[in-house]
Structure formats: structure tokens, C-alpha cells
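Here the chain labels run A, B and C in written order, and each chain numbers its own residues starting at 1.
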Amino acid sequence: MRLSLAAMALGATLLAGHGAFAAGARWDGADDLPVNPLPCDGGAGTVVSKAYDGGKAVNAPNMAGKPITLVDVPKLIGIGYFNATSQGMQEAAKELGNVKVTTDGPTEAKIDEQIKFIDNYITRGVNGVLFAANDPVAIAPVLKKALSKGIHVVGYDANSTPDAREWFVNQAEFNGIAKSMIDNMAKEMGENKSFAIVTSTFTTPNQARWIAEMWAYAGKCHAKMKWLETVEAQEDNILSFNQASTLINKYGDQLSGLFGMTSVATPASAEAVTRAKLCGKIAVVGLATPNAMKPYVKTDCVKSVVLWNPVNLGYAAVYVTRAVVDGKLKPGDTSVEAGKLGKLMVVNGSEILLGSPFTYTKENIDQFNF
Amino acid sequence: MSATLTAAAPRRLRFAVSQEWLLAIAILLLFVGVGLYNPRFVASRNLQSILLGNAYVAVAAIGMSMVIISGNIDISVGSLIGVLASVSGGLAVAGVPSVLAWLIPVAIGSAVMAAQGALVAYLGLPSIVVTLGMLSILKGGLISVTNGVWISNLPDNYHLAQWSLFGVVPMPVAFMVVLTIAAAWWMRNTALGRSIYAVGGNAEAARLCGIGRERTLMMVFAVHGAFVGIAAVLFATQLSVIQSTVPSNLELTIITASVVGGVSILGGTGTVVGATLAAVLIAAIGSSLIFVNLSPFWLRAVQGILILVTVLADIYRRRRRGLAR
Amino acid sequence: MSERAAPRRLRLPIAAHEAVLLTILIAALAVLATLTDRFFTLDNLLNQGMLMTEVGLIAMPMTFIIVTGGIDLSVGSSLGMCAILLGYSWHNWGFPLPLAIGFALLCGAAGGFVNGWFITRLKVPPLIMTIGTLALYRGLAEGISQAHSVRGYPDWFYGLGQGALFGVPSQLWILGVAIIIFGVILARTTIGRSLYAMGYNETASRFSGLSVDRIKLGIYTASGLMAGLAAWIFVSRVSTTRSDMGSGVELDVIAAVVLGGTSIFGGTGTIAGSVLGLVLIQLLKDGLALTGVKGDATIMVIGTVLILSILITSFAERRRDVARMARPPLRQTATDQTATKQGGTP
């Protein structure tokens, strides 16, 4: 019994000592990269034109106009988001007629597994690798290896260090997403209110960057909004629901907004708000795919869902790779033709911008099916 | 260690009871402590969230406890829950009546586990290896078949969570309580139930007493499979969509609940009441960390310390009893 | 039961298992090599060797631990913790990089020592102890790093993970040395024989004067140390440090060791078997991928191979090992044996 008392004492110490580890310290993302918040009024950010900083496939065979084989290695397979990008790739491949794309990857978002997959495909021999990195730095050596073997490398969704790939198809800039999220939240819940965030894990690079940019933008343009807490919920539906419910229970009336940072967390947060019968009292804004959000948008529980179109993202990635192989997209170019998407702009030296983030609302959500 | 193994059965049960009291006290202290810090923690809404969101863990932990008591382990449980939840949802969406969509996964779960049990019982294969292999097979199979597409548009009457017993106790919680009590009674008061302890405690002695080790083991796995099936249905019917992937680390949570609940990993001792209480305690701790503003980065470290402290307390207690005897 | 007799009697079924494994391996190699010409090349094989180094290093002490009837589930988390400590002590505490590496190795060993101390002194079952530290060490990795990753190591640091010596990836040399050291210890020394004896019957080993606790403490510490070494190689290979590194590695390691014929009940197993198991899993994954099998199907194949191999061995063992089965269970030893055998690894 004495030991169990000791256990209680330990627990009590932990509770008492929580000040030392308290949350609420400034979130600056899981990396030390600088933040670059957009201006509040909606004008474009300071765009610095930059020279091409991507890598180059060494002695790539000239396959211009010839059939090519590409492999797509997303962060993980078996989730709706990457099913959608994969669908877009197949559409593009079908339109082009001379591209074959296979999607393959790890079943969990683990960087070492992803490296093994890419490595295997380099050995197997493909003309191009498309990737969405689990870690921007860790994936670099294997991508450089691909480049050195004459394989074209194009990223989408989650970037690597620039010199490890040729081009990156950027769905939307981090600060653009951040602005869109915070502005929508401010509009829905008002300025003097408090909000909390449900994210996947603190180590997921994209989510961490978005949160860091949101912090910077909120501090600059909506200084009165209060940031309560950020919780982790993996990519797990039930866990996200539980975490969101706990936040609602903890803050009660104080909580006026919930951000979902993943396509899993947002619908789960919306469900938690619906179950707590607090629709209209707690605004849910987040990144999510339209199909998962339709029920909540239709009941007016969620007013705005922020996302790019992942089908188009995959589609653009294949078009970009084809253009690189055909020599139609070279370092220094300022735009690229991408089928039905028209001309896409080159930004940041070697990134191709898909467009501004899109906000789905009750009016337009039925037009999308993914 | 060997003290518990040679101890008479009633004494063993008394030990287990004290573990349950310890857990109950811990839960109570947690609620009082955190409740004083932030009264919203003990508001009925939060209590309901804690119980409702984790009832399936407790139900799976009941079956897991039986498996561990019998001297085995099952690490395929998380994958199986993922697979059965998708099966259940798939059936419901395909227009099968909800009752069947609830019952068929239970039958399949029982069959899959019985098959693993047969490998363990009749061929003497180590359960950790068999279930490790099954984990890969189920996980890979689920992704191959579903491609991770979410199951949505479930019929309204499919959701168990929206019904409640006598209008107050939500169905999943009712399941958790009733199944725990039923399993505890069955394991204590029937010959079949007691034979699980016998097989886990001393297989040789059990054989001499005329208890068929093989048959008992297979039964344990089959019963565990049924509990896993029920857990999967509770899991599937919670939200309006089913994510057809394997929930990560679920097996670890379930095993932890069983072990913290006082089921000795050596086999032969423990009851399912402790496992259910432990599942509640773990869920409550997860929730309380958010309430006391502990940096979420430390959450896993606290869980680890909790497991170790519980185990140490248990061992210390056993040792003192052993000396006192 | 004298400690010398135990391994000798058990050698036969082990050899049988290794033969089975080797046959499967050669058959798999032959089939895969005919299906694709990219598989059986020196380049690819060396590359695969490089990718399996971390798992291989951890599998060495894990073989020892499982031979004694124990288990260590915390290795993946130890790897994560050491990686974070390496990066963090260098980047945030200003340690010179070589010191940071030493510090990480030391902390890995300390983590293993903690496991061993609780297991031997307080008699915590290994499975439970290491489930606890699995959560704890991962928690420390996340807590210390606050989920920040550390990048930008100097170039020389990458030599270990990305460089090569005499045309062979550097870390493969380390793996080779580790295999020889651990293999010799298990097969040729008193410590090795003691490990078998402990796994076969711990109580008897104690009575026959083996320092069971010290040996156990040693092997769990070695396990932590090797996890630290694997962390160093891993960080050097992927050039960054993340707190989620190595999660799930424990299951890969255990699969390799068990596939290699080490019985989870203790008492049997060899390093050669573990290496074969490791190579078989790695090449199967690679070969299947090269022939166009997708990731989800590959893990199903691995699971099936794991169950089948243990099934085949079990049949072989049964036919051969009638003597062992028929050994009359004395009342006292039967009880003890149940305790030892199930200790931690039901």
C-alpha cells in the first residue's frame, strides 16, 4: 500500500508540477523555419522572385513523347485524401495516354518505410517518382539517389528539401492556408472568442507548418482571438472525436471555435459538436475532403471547409512530370501547361502553385465528389 | 511469483479484489483531484464522453484478460477490430438489417480467434507469434480490400450509441457493464470459467484434474473473439462514418488495460472487473491531462509511468502477502 | 538438468529449423531472381543490407533475451529516445557531436539497464516492464524534443549511414561485426550456454550457481545499447532526428528473431537463425516489391510466412522431439517451469 501511496504522491506531484510543462507556450511548429504571415487585408504577400533551386536528373534518357512509367509514393496508402490524389493521377495518365502511374506506399505514415519503397522502385527502374514526403529532410538522400540515376522526381502535397527533387506541386502556400483558416474562424465566431485545435501529431510537417503560420497570422491580424490549446489525435477517427469532446467539455462556454487540421480531425470535431448539441455555438473550421463533411455542412453545423482539390493536385503532378520529361518545363520557366487546369504559375524558385485554397460552403459542396 | 502460483484459489481471488479496489480508489481520487482543479471534469457530460468513447476498449479488454489468464496473449486484436468494424459497416450499408450487421461480425470474430486458438492449443504454437502473423495478414488484407475508403451513409438505426437503456445509460456503456459482470460471474462460478485459471496457472495440474487443456484454450480464444466482435460493433456504431483502417496502437491500449487491471501476465490470476476499471482509468487519465493543461507532449510518458507504478504496486502487494503468509 | 546438457539436446531441432529457413530462402531467391533481373544484383543486395541494419543490430541482443525466455518491447522507443537525445544534446545543449553520440549510446544503455534492473530486482515480468517503458521512452522522446526535429548535421556525420567502405555500405560492417560477436558469445562461451540454461529452466540454473540476474541485467543493457547504436546509424542515414523514429521496430525485430527459430518460450535459438530470418523478411519484401506486388499484399505474405514457418518447425520438432515431450514432469519442476517459461512471454 505504501507504494501505491507513493504512486499517488507521484501523480500529485505531476499534477502540481504541470506548470513547468504547461501547454500554452507559443507554438512555433515542429521545425525552426521562419514564418511569413500574409497581410491582413487580403493582398498578396511579399513575393520574392527566386532562382530555380530544384535538383536535376542526371543523364536522364530522352523520353520526350514516348511512353513513361511513373510511381507515386504518398505518405501512406489507404486514406481518403491520397486515394483522391491517386485518382487525379490516373485521370491525367488517361488523358495523356503515354503515361502509366502506379500508387504504392507504406500502410502507416512512417518515413523509414517510405524510403524503402522509393528505394525499391529506383532499383526496379521507373522514369519518374512522385512523392508526398513524411519528412522533408529524411527523404532527401533517397530522392537524390533517384536523381543521380536519371529518374525524374516531382513532389506534391508535402515537400522535401528543394535540391532533392526537380519540382514540387504546391497545393496552396502555408501562409495562404493559415490566413484562410483564421479569417474564416474570425468571421464565424467573432474576434473576442477562444478556439482550440485538433491535429494529427505534432511531428507531421505540413500540419506543424500550418499551425505555426496560423499562430503568426492570428497574432498579426486577429490579436484578440484567444488560442486555448492544441491536442494530438493521430489520423484516428474515434480518437479525434474523443479529443474534440474533451476540449468541449473542458472549456464549456469559453470555447467558441475548433480547428481540424486533418481530413480526419475535422469531421470528427464536427461530429463532437453535433453530439454535444452545440452547433452554432462552436464554430468548426478545418481542412477536410467534401464528402466527409457533407452531412455537417448540410445541417449548418459547419459553415466553411478549407481545402484545395486533391484530385487536381494529383492530376497536376502527373502533368508536371510529363512536361519535365518532354522538356517543356525547364529551370527558369514561369509557368506550365497542366491540361484542364490551364496554366499554373511557378513560385518560390521550383514550386508550381495549384492555386489559392478553396473554401467549400453549403452552396458549392455538392459539386464535389471525393 | 511462485507464491501466487501455488496459492490456493480463494486467496488468489482475494488478491484480485484488492487490485480492483486500488483501481476504484485511483479513479475516485483522479476524479476528486482533477474535479477540484476544474469542476467541468466531473460534469456528467464529460463522464459520459469518457465512458462512451472507450467502452469498446473495456469490452475487448475482457476477452484479452481471459486470454492472458490462460497464459497467452493476442496482439492481433486491434487489426481484428478494424476488420470487423469494416465488415459490420459494409453489411449495414449494403442493406443488411442492422441486427445482422451487429451479429455477423461477432460470429466472424469468434471464428477467426478460434482458428488462432486451434493453432495455439493443438499445435503448440506460441500465441505471440501466431497473433503477430495474423496482425500483418488482417492489416494488409483490410487495406487491399477497402483501399481505405470510408464507410458512410450508414442507416439511422445502425448506431447503437444513440440508444440508451432505461433512457439513461447509453447502450455501449450498458454493454460494458453487463458484459463485465456476466464475464466475471462466469469465470468465478462455472466449471468452464474456472478452468481458464487452471490452464493458465498450472497446465499440468489442470490436465491431472481432468481439464482438457486444448479444448479450454480454444474456447478461451473463441470467447475472446466474440468479445472482440462486440467491441468492433461498439467501435463501428459510434460515429456517422467508419474509417476502414486499423486503429493504431489499439492492441497496446487493450493489453495495458488488462494488465493494469491486475491480470498477471504469468497467467492464472486476475479478473475482468479490474480490466474494465483499468480501461476507464486510462481513458480518464487521457482526458484529465487535457483538463490539467499538462503539455500534450508528455502524455505518453505519463501513461508509461502509470503502467509501471501499477505493476510495481501490484508486485509489492503480492510480495507482502507472500511474506505474511 | 546440468547447464551443459540443455543446449546440446536442443541443437537438433534448431538445425532443422535453420535448414527449413535456408531452403525457403534459397527457393524464394531463385523464384524472385527469375521473375525480375533487377533483384539478384550485388547493388540491390548491398542496398537491402543497408536498409536492414538497424533492425539487424537490435535483433542480436533480442535473440539473447528471447533465448532466456524474456522479451524487450521497448527497443523501438529506445531508438527514438536515443535519436532525440543525440540530436537534442548536440543542437540545444551544445554538446560536441562525438560527445552527443556517446551520450546517446550511454542513455540507450541506461534505458536498457532500467528494464533489466526492474526485471531482475523487482521481478517485474519483462513483457509488462517493457510495455511500460515502450510508452515511457517514447514519451520522453516527445517530451524532451517537444516534437521539434533536429537537422543540419555536419557532413562527416553522414559517413556512417550513407557512406561506404571498400564498396560496402559502412553500417553493414558494423552489423557484420555485431553478428560475429553476438554469434560467438551465444554459441561458444559460458555466457551463451548460461543463456540457454536460463531459458530452459531458470530455477535449475539458479541452483546450479549461474549468476542469472547479472546475465539478465547485462543482456537488457546490451539491448538498450544496440538500440542507441541503431539510432545513431538511423539518424546518420536519414540525416534528421524525429521523435517518432523507430516506432514499430520492435515487431519487425521480434518477427525476424522468431522466424529465425528462436522459441518465444526460451531455451532455443541461434544468431545464425536470426540473421536468416532477418534476411528472409527483407529480401521477401524487396523481391515482392520488385516483381510488382504492392505494400499491403506484401505484409500479408510476411504474416503468412511467419505462421507457416513456425508451423513447419513445430511439426518437425514434434516428430523429432518425442523424448523431450515425454520427460516426466516432476511436480516441483513443472510448477517452476511454467513460471519460467511463461515469465513475460505467454
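The rule is short, and it goes like this: contacts are C-beta pairs under 8 Å (C-beta built on N, C-alpha and C of every residue); 3 or more make two chains touch, one makes a residue touch a chain.
Given the structure is predicted, the values throughout are model-derived calculations rather than measurements.
K.L.:
Pick one for the touching-chains graph, please: line, ring, star, complete, other.
P.N.:
complete
K.L.:
Looking only at C-beta pairs in contact, point me to the busier pair out of B-C and A-C.
P.N.:
B-C
K.L.:
When the centre of a chain is set as the mean of its C-alpha atoms, what distance in Å lies between subunit A and subunit C?
P.N.:
35
K.L.:
Measuring from the mean C-alpha position of subunit B to the mean C-alpha position of subunit C, what distance in angstrom results?
P.N.:
28
K.L.:
Please output the residue numbers of subunit B that touch at least 2 other chains, ranges allowed.
P.N.:
139-140, 143, 295, 297-299, 302, 305, 312
K.L.:
Which residues does subunit A have that touch at least 2 chains other than itself?
P.N.:
21, 77-78, 107-108, 202 - these are the residues of subunit A that touch more than one other chain.
K.L.:
Residues of subunit C touching 2+ other chains?
P.N.:
142-143, 146-147, 294-296, 299
K.L.:
So in the complex, which bits of subunit A are touching subunit B?
P.N.:
Going by the criterion above, the answer is residues 1-4, 6-8, 10-12, 14-15, 18, 21-25, 77-80, 83, 107-108, 202, 229-232, 234-239, 241-243, 245-247, 249-252, 264, 267-268, 271, 276, 291-292, 295.
K.L.:
Going by the contact rule at the top, pick out the subunit A residues touching subunit C in the complex.
P.N.:
21, 30-32, 77-78, 104-108, 110-112, 115-117, 119-121, 123-125, 135, 137-141, 201-203, 208
K.L.:
Hey, which residues of subunit C end up touching subunit B in the complex?
P.N.:
71, 118, 122-125, 127-129, 131-140, 142-143, 145-147, 251, 254-255, 258, 263-265, 294-300, 302-304, 306-307, 310-311, 314-315, 318, 329, 334-336, 338-339, 342-346
K.L.:
Give the list of subunit B residues in touch with subunit C in this complex.
P.N.:
Checking each residue of subunit B against subunit C gives 1-2, 5-6, 68, 71-73, 119, 123-130, 132-137, 139-141, 143-144, 201-205, 252, 255-256, 259, 264-267, 295, 297-305, 307-308, 311-312, 315.
K.L.:
In their shared complex, at which residues does subunit B touch subunit A?
P.N.:
22, 26, 29-30, 33-34, 37-38, 40-41, 43, 45-46, 49, 53-54, 139-140, 143, 146-150, 152, 235, 238-245, 247-248, 286-287, 290-299, 302, 305, 309-310, 312-313, 316-317
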